[in-house]
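These are the structures in question, set out in turn.
What follows is a pair of complexes built around subunit A, which joins subunit B in one and subunit C in the other.
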Partner chain A sequence: MTSLRKFENGVLTIGTFAAAALWIFPLYWAFITSMRSEDRVVSKEAGVLPDEFNPAAYIDILWNTNLVSWYINSIGTAVIITFTVIVSGMMCAYAISQMRFPGRRILYGVVLASFMVPSQALVVTQFILMNDMGLINTWAGIILPQLIVPVVIIVYKQFFDAVPKEMREAVVLDGGGDYTLLFKVYLPLNWGITTALGIITFIMAWNQFLWPFLAVTTEDKMTIPVGITQVNDAFGVFYARLMSVALLGAMPVAIAYLIFQKKVTEAVMISSGVKG
Partner chain B sequence: MAMLTNRRKEMAVAASLVAPFVLTFALVFLYPAIRLVVLSFTNSPLIGAGEWVGFDNFTRLLSDKLFLTSLKNNGYFVFLTVIPTTAIALCIALMINRLRGSLQALALAIFFLPYILPVSVVTQIWTWMLDFQFGVLQPVIAFFFGKSVAVFKNPYWVMPTVAMVTIWWTNGFNVLLFIAGLRNIPKDYYEAAQLDGATRTQLFRRVTWPLLWPVTALVLTLQMILQLKIFDQIYLLTKGGPFNSSYVMLLMVYREAFQLNHGGYASAIALVLFIVIAAFSVLQYQLLRAGGRR
Partner chain C sequence: MGITLRNVSKSFGALGVVHDVSLDIPTGDFAVFVGPSGCGKSTLLRMIAGLEETTAGSISIEGRDVTEVEPAKREVAMVFQSYALYPHLTVFENMAFSLRLKKTPKAQVNDMVQEAARILHLEEQLQKRPSELSGGQRQRVAIGRAIVRKPKVFLFDEPLSNLDAELRVQMRLELAKLHREIGATMIYVTHDQVEAMTLADRIFVLKKGVLQQAGKPLDLYDDPHNQFVGGFIGSPAMNFLPGRVVARQGGMIRVALDGLGTELSAKSDASVAEGTAIKIGIRPEHLVPTEGGFEAVVDMAEDLGGVSYLHARLATGKDIVVELRGRRENFDGRKISLSADAGEVLLFAEDGSRLR
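And then the complex of A and B:
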């Protein structure tokens, strides 16, 4: 490698991390702000360097908001959504991929088409439906419209299609049916894809804003993304508290991401079809 | 006879496997979709019955100033986000792809992290960053433009600012897609080109760009669809203001349905939004595929 190339490489690496520093700055700044007293936050002398470690804003948030209920609602609904979407999607994909039944092609066509439908366009009539069923302001009301994630079926079908036929025969000879095949052969062979799809579905459900915002009417039933907007209304402009609630709301998924970084990266790539 | 019962049994098993999805789909997706179409031809309130009004809602849309503004703003927002975010993501992916090992993991984590934040966390942070009086970015704005700007209260600044926040938030997803695409390009291509003395620019133009085109097309399509559906950031940052300068279609659906109690009219707008998105995604996909074949 020539010395010019080496120099270029050094400059590019430094440039990359300078850009990264700019990119992460908003989160850094939110953290610094959340650790200051409200007076310090708006004082002229406060610079961009950390200078205070004052947990007052965090304590205030934990005491004076419904943050804990929002956590419970978010975790509860997101876990149920993820589990249901994965299991129902896997079963449906298995039938489409491995079995012959009338309407199979039409069903897959519908799945592919619904992939294109913006679910946001349906919120009005989904709201009417949930209202008719008396499910507004309940977990069921938050969960039901989020259970359709066609991409899960599409990805599972691709992976099930690729499982060698010989794997089936041993089980079939032993008298195993399709349920045995699915849960004893196809699922264990595709654990990787299952965790990947699970992670993606969970993040999507956790971050969902529009639907829970419409489906919930009281503060104690709110999920994290909807709940933290209430803090704004309750406190007015108190930025240390606003930043601490924002960071508390972001924390569970952020920590999970930092732990499972590789898995999340893979999950995004697989579910968008750029890596199979 | 045994064959027939076997066949029947397989049918029953298949039905039980698809049932959970199909029933949920029929209830919360298909039925609301059909009802949306029906409702768009009526003057019903959000809850309760209305009368059939034919195409009235749609003709009314054509002369509704707010709808035309929203349509225009949706277009403007797509213009402000789709190509910029694709370009920025490609640059970042190229920069990250050069790095190795833990440095690469670190850079990737930093650029991806905003994507997993809930939208309201993102809007709260940026509201604070850009606060007119105390925002940490106001001195930067003052440096370049001579004075501080209340960005969310200024009709000229509001859409570009929301676009910037959106790019910061969602860009990491595109970066990942590009990195996956870059990893799929065989190393030999680069080695062969380097042996022939190709420069960095030539490598990019002759090897990377053409081989990456399918991913670029995918990113452009996904972004186009995503950005047409904008609601969350606008609602949380501006509520469509100032003077409707950031009003978008989905915000109008929300207002008509949930604030003004016009279920029928809101459905008509939602239906138009749906058709626009479907048409654009089919059209764009075809165009990009044609571009890729050349």
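And then the complex of A and C:
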């Protein structure tokens, strides 16, 4: 290795470390902040290095807030949203991709069009609708507006379109109908994308803030991202507690991500159009 | 009768792809639909399978009119060119798929799959997935999937065209043996006339959606109904030369070959007037080097050992092929004089129809 090459490698390594530090620092800062007492967090002595191991913030969060309910709400709604979005999206995509019926193209056009509407533009109407239906402060109120995920239909349709026609004809000759085709052939053939879409939908639902924030006003029905806002009170902001609840809220998603890392990468590559 | 088609037609919108085809395939026959690509042979097969609707006419299987019957209830099984195996299932599950859909008892499924695996020598592969198999094995699994259904008719849509040449020959033999072993009616679609000749009990030649001729392979070879069949069946293809009738007597017609200054005789009772423009057809193996025939210059000789193919050019600029057996001279670049026995010369009218 020439000395120039060594120098280049050294610079690159330092650069990479710097970038990594930049990314990790907020997490690190959140962690050491959550391990300090509220007084120390705002004192002049609080430095960059960890100097205290004080789980008071965590204990306070666990005992004095509805964290357990928030977890249950977050997990419950995210799981129901993920399951419903994947199953309905898959069936809709199958119909658009494989079945011949009048209005098929128009239906796909509607799906594509709904993809173009930013969800924020709909929150007011959705709120009025959910309120009229009496669903504010219920799981159903949190879940229903989040069930519309056109990108799931679009991705599934592309994958179903790519299944060879003969595969379908073989099943038809074997005496299988559309349910056999979808659940015994098209779904197993596309397990990879199903897992990937599932994880992405789950993370999206888990991180959703704006809609659950509007749809829920009572503390026991809140999801974790909304719950974080409840840690403050009239006397100000409690940084250590805020950071501890944020870390606790992010944990399940981080764990899920680590388990399904490869599939998520796959899904991101698909949605950015570089399908491998 | 195994399969009967009566005046069957198919069109996609305004585009007609199969025109008024009527044919009969006796039970247990191996029938081959052959023709150039786009001749409608695959469409015809898919119509028998029920994968394409029939625009006009009727299709019967074992005496039952199935024209309007859905594919699964026609008792046919199809083997696709791309195999269409389910990649997520093992070989066993691929073969058992249709039986499971019919809710066949487990023990029976096992027996039927094992039996098919035995016939096709797939016993060792049953727990593998299709991606772990070679092309030939995949093809066998596809056939196995058809066998377990015990259909009245097997339909093969160019099943060997994805295999390499050696494997194709081997699978061809296996298919012929399989047919002998299970004795079911089979229809096989191919554009390869060698496959057609070697496999078929009965060949159906199609062109542009019209049935040109049906019959035993050698009947088609020796006695084609028209120029298309004559040219399509046989490899290398039949040579066609333009000419003019000069005399007709005693079951013989003498033809002057255009631009070659020679005459050839053909056995024929056809009533064609002297001076009529016609075409003669001679197979490569029937052209023999003789003194006083028409002359050709050999461009290239393919010497294959037992047989040599001479690719030669006539004075008119037309290329012909001559087949010689057991010759050892090198003909490259040489001028040869050719003729043919009157019994081997076929006559075709200008429109391509045969003059007998």
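Methods note: the second predicted complex is superposed on the first by the 267 of 276 C-alpha atoms of A that agree within 3 Å, B and C clash if a C-alpha of one lies under 4 Å from a C-alpha of the other, contacts with A are read in each partner's own complex, and residues count from 1 in each chain.
In this text, a contact is a pair of C-beta atoms (placed from the backbone, for glycine too) under 8 Å apart; a residue touches a chain by one contact, two chains touch by 3 or more.
Nothing here was measured: the structure is a model prediction, and the numbers come from that model.
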Discussion item. One more residue to check, A:Pro188. First (subunit B), second (subunit C), both or neither?
Written reply: second
Response to the item:
The chain contacting more residues of subunit A, comparing subunit B with subunit C, is B
Practice prompt. Go through the superposed model and pick first if A:Ile24 touches only subunit B, second if only subunit C, both, or neither.
Written response: first
Worksheet item: Which of the two partners, first being subunit B and second being subunit C, lies in contact with A:Thr180: first, second, both, or neither?
Response: second
Worksheet item: Of the partners subunit B and subunit C, which touch A:Tyr239 in the superposed model: first, second, both, neither?
Response: first
Item to complete: Would you check which partner chain A:Met167 touches, where first means subunit B only, second means subunit C only, and both and neither mean what they say?
Response: second
Practice prompt. Applying the touch criterion given at the start, work out whether A:Ala78 contacts subunit B, subunit C, both or neither, answering first, second, both or neither.
Written response: neither
Practice prompt. Can you check the complex and tell me which residues of subunit B touch subunit A?
Written response: 10-11, 13-15, 17-18, 20-22, 24-25, 27-29, 31-33, 35-36, 39, 46-47, 92, 95-96, 98-99, 103, 105-114, 116-121, 124-129, 131, 133-134, 136, 168, 173, 176-177, 180-181, 183-184, 200, 215, 218, 222, 225, 228-229, 231-232, 236, 250, 253-254, 257-258, 263, 266-267, 270-271, 273-274, 277-278, 281
Worksheet item: In their shared complex, at which residues does subunit A touch subunit C?
Response: 164, 166-167, 169-176, 180, 184-185, 188-189, 191
Worksheet item: Along subunit C, where are the residues that touch subunit A in the complex?
Response: 49-51, 71-73, 76-78, 80-84, 86-89, 97-98, 101-102, 145, 149
Item to complete: Show which residues of subunit A lie in contact with subunit B when the two form their complex.
Response: 8-9, 12-13, 15-17, 19-20, 23-24, 26-27, 29-30, 33, 41-42, 48, 84, 87-89, 91-92, 94-96, 99-101, 107, 110, 114, 116-129, 131, 144-145, 147-148, 153, 177-179, 182, 203, 206-207, 209-210, 214, 224-226, 228-229, 232, 237, 239, 242-243, 245-247, 249-250, 253-254, 257-258, 261-262, 264-265, 268-269, 272-275
